[in-house]
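One chain, chain A, appears in both complexes that follow, with chain B as partner in the first and chain C in the second.
Moving on, here comes the complex of A and B:
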């Protein structure tokens, strides 16, 4: 356990030492939200609504998207793809650490570092809403926490599975791009899933992607019934076990293919 | 027991796609690939007893790095078996990875965003080394290698040699049973090379660490190695004690001289090792050096004769040439 904390810590150090300035992170979160807000206020002026969603609920939805994303989004598949093709992976598989654990710790460290960068702003928001904190709905808070955690784990497991394909394909770039678009769409990143046509809704129910975004956002916005929430968590957990198994198995197979370039 | 290395019929094939130069052939490969299988390592066998320093020598592309990658478990063998310190490297057990260390001269292992200090801290925790001895070891080594003042600089900003030294310190500080060094002195200045060699010897003497070393610098080899394995096109062509190899050539000298007025190559009677337009080097049994020197001068075959013992470079070149001639 200590090792993985240390890995997470180094990943935090890397993040803090290099890229993330508070402005970049803020811009990353704000610009898409503002664009979406603008778009939907012009599509749905005043109180007009589609499927019961007004411009205001839409905007809330996209803020939710970004809140959830902030905890979840980490390009583990791209990282794995890079590491496999550059031979950097050798530096990990040679160490006495579990590979999946290593990458997961890196993701955690990265997310925590981002949180730390945004800490001042989060604090300001908290102080502004100080009255509400004491009347916080604890059950809701716990539910949000659990869905975000689930989203994070699922996202990781799925990204790991995709990243492992790099063992077999010399160039995964196209796959990764397409995956990004399709998955974001089916996760409810661009549009709430309840606006989808029936066919797509049914499709997304058969896939794990709604647990990346839509499900936690609905929880965040208090849009789920307790029974649906519990079923959602259960299905999400089953997906998690399945994806974890596939990732583990792909990595074992892939290791035989790994050609460790350079040297 | 300990850090023994045993290799049986080890093979590694790579499938490579080849293409002729030019855009047209680049396009052609999109549709049809010319696949070719190459044997980077071809059924090699050797044993390295625990506590030995072995030099693994071969020309560029001989298969040294490929072998090290298989011995350290990052690359799966195509066939054959390996035993390193009681483990099969391909299983990649954590205990195995805990027990070995690797330094690749031309490949950074340190995370470039981190400082050496951060990196070493991570290593200490990862390998679960006692923090006090770890710190002592690191202090000692970084001082010896003159990098103690560079430990808080981002690794990206270190020079090649400084980075190599840090990698070396990190590899050794975990107390491995077997240490793999692939060209560890690449990019180091003369003094640092000496420090590293000295260090390798001490490590081996004090902790009986098995050290598996490749280098193109024969001074590295002659200074530290007990055993030597020569690899040529993926095959072992010589395996034995360094002293034994030196002895095989002990009875020969190189005679080097300026071509005389009556110089004729077929008059020499000894094999020519090197020839430029005005100088020639021949290999002569030690007992005949004096006679030959006289003959050269008297017959006007050569002047300005110098005599030399064979250096390790010479010997190794000869072994490779003998192999090439069959």
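Moving on, here comes the complex of A and C:
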């Protein structure tokens, strides 16, 4: 356990090493949300709504997207791709750590650093809403915590599977781009999934991507019934087991394929 | 000057060979281009199923805007998608020294060093959507030269925003790549710039002019661009180009190399 904590700590320190990180992370969260706010207030002026969603609920949704992203969105596949193609993987496999555990610790460290960077802002928001904190719904809080944790684990497992393709692909750049576009769309990053036409809704129900973003946001915004939440968690867990198995198997297969001059 | 042109020719040849060496890349490049253009179209289509206009733009006008944005994006990505992350890495890691010694202007080098020709597929798809949208709109072809000038200005703005953002690493280094932020922000150029009001106009049309990348070209083709708007985008492009050069020279003075 100590070894993995050390990896997470290194990853965390790497982000916190430069003070300008706070500016970049803040801009990354704020600018797209502000633009989406302008777009949706133009589309839905006043109290007009699309399928029950007003401009205000759309803006809340995009804020939710950013909140969830802070816990989830880590480019594990890009990192694995870089390490495999640069030969850095040789240094990692020689360490007394499990490879999946190593990359997960790196992701954890990075996400904790992100939260630490944003801690002053989170604190200000909490102080501004101090009255609501004391009347916090504990069950809802637990549900949000669980969905975000599930989203994190699923994101990691899926990114790991995709990153493992780098064992066979000479250049994974476009594969990763395609993955990012498809996942962002079907995870509800651009548009809530309830606005999708039936065919796309059905497609997203067959895939794990809604658990990366849409499902946690719906839980965060208290838009999920307890029964649907339980079913969602169950399906998400099944996806997690499946993706973990595929990742483990692909890594074993890929490691046999991997070659490096160790120098 | 002649030696610079010959160096650029050699760099382009090398890039072409690199692009051709990964055949699987080309297939995924086409797939990514289809999705890159297809997803915003689906996004807008879903909205237009519920509303008639977005900030005064009809469905075909928005399609025209998306097509133009994709053309600018595809063209600039061809030159920048590999070069600017490399520039950022080289500044951060102190590896700029050897590039500064090369017989070519360094800013020019980081435009032609690794050209990704696969990205041109995006440009072609963008052009196709633009033509499709134009067929459904009444266009005054008299405005075509003005639209082309606006598009050139849009390309310059796209370059300047990304380049200026990249070279802030001279002053504000981070341990992670900053292209992600640029890519998530620049996509906002697909939205009509008429959505911005009040303070937003100043931010997204002047300070961070993502709203000026594609909208003026679309407005020119639609015959709705005012002379003030036209001059505005041209002046903005020229100022941002000069600013990027000045900031680059300032950054170089600040640069500490490791002698690698």
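By our rule, the second predicted complex is superposed on the first by the 258 of 263 C-alpha atoms of A that agree within 3 Å, B and C clash if a C-alpha of one lies under 4 Å from a C-alpha of the other, contacts with A are read in each partner's own complex, and residues count from 1 in each chain.
Operating definition for what follows: a residue touches a chain if its C-beta (ideal position, glycine included) is under 8 Å from a C-beta of that chain, and two chains touch if they have at least 3 such contacts.
These numbers were taken from a predicted model, which means no experiment stands behind them.
Shared-chain residue A:185: touches chain C; no touch with chain B.
By the document's definition of touching, of the two partners only chain B reaches A:258; chain C does not.
More residues of chain A lie in contact with C than with the other chain of the pair chain B and chain C.
Using the contact criterion defined above for the overlaid structures, shared-chain residue A:17 touches chain B and also reaches chain C. Of the two partner chains placed by the overlay, only chain C lies in contact with A:38; chain B stays clear of it.
Once the two complexes are overlaid on the shared chain, A:175 sits against chain C while remaining clear of chain B. Contacts of A:97 after superposition on the shared chain: chain B is touched, whereas chain C is not. By the document's definition of touching, of the two partners only chain C reaches A:27; chain B does not. Touch criterion met: A:197 reaches chain C, while chain B stays clear of it.
The interface of chain A with chain B overlaps its interface with chain C at residues 14, 17-18. Every residue of chain C that touches chain A in the complex is listed here, in rising order: 21-22, 24-25, 28-29, 31-32, 35-36, 39, 42-43, 46-47, 49-51, 54-55, 118, 172-176, 178, 180-181, 184-185, 188, 191, 194-197, 200, 204, 208, 210. On the chain A side of its complex with chain B, the touching residues are 2-3, 5-7, 9-10, 13-14, 17-18, 87, 89-91, 93-98, 255-256, 258-260, 262-263. Across the complex, chain A is touched by residues 14, 65, 69, 72-76, 92, 94-95, 97-98, 100, 102, 104, 106-107, 109, 111, 113-114, 118-119, 121-122, 125-128, 154, 182 of chain B. Touching chain C in their complex are the following residues of chain A: 14-15, 17-18, 20-21, 23-24, 27-28, 31-32, 34-35, 38-39, 41-44, 50-51, 169-171, 173-175, 177-178, 181-182, 185, 190-191, 195-197.
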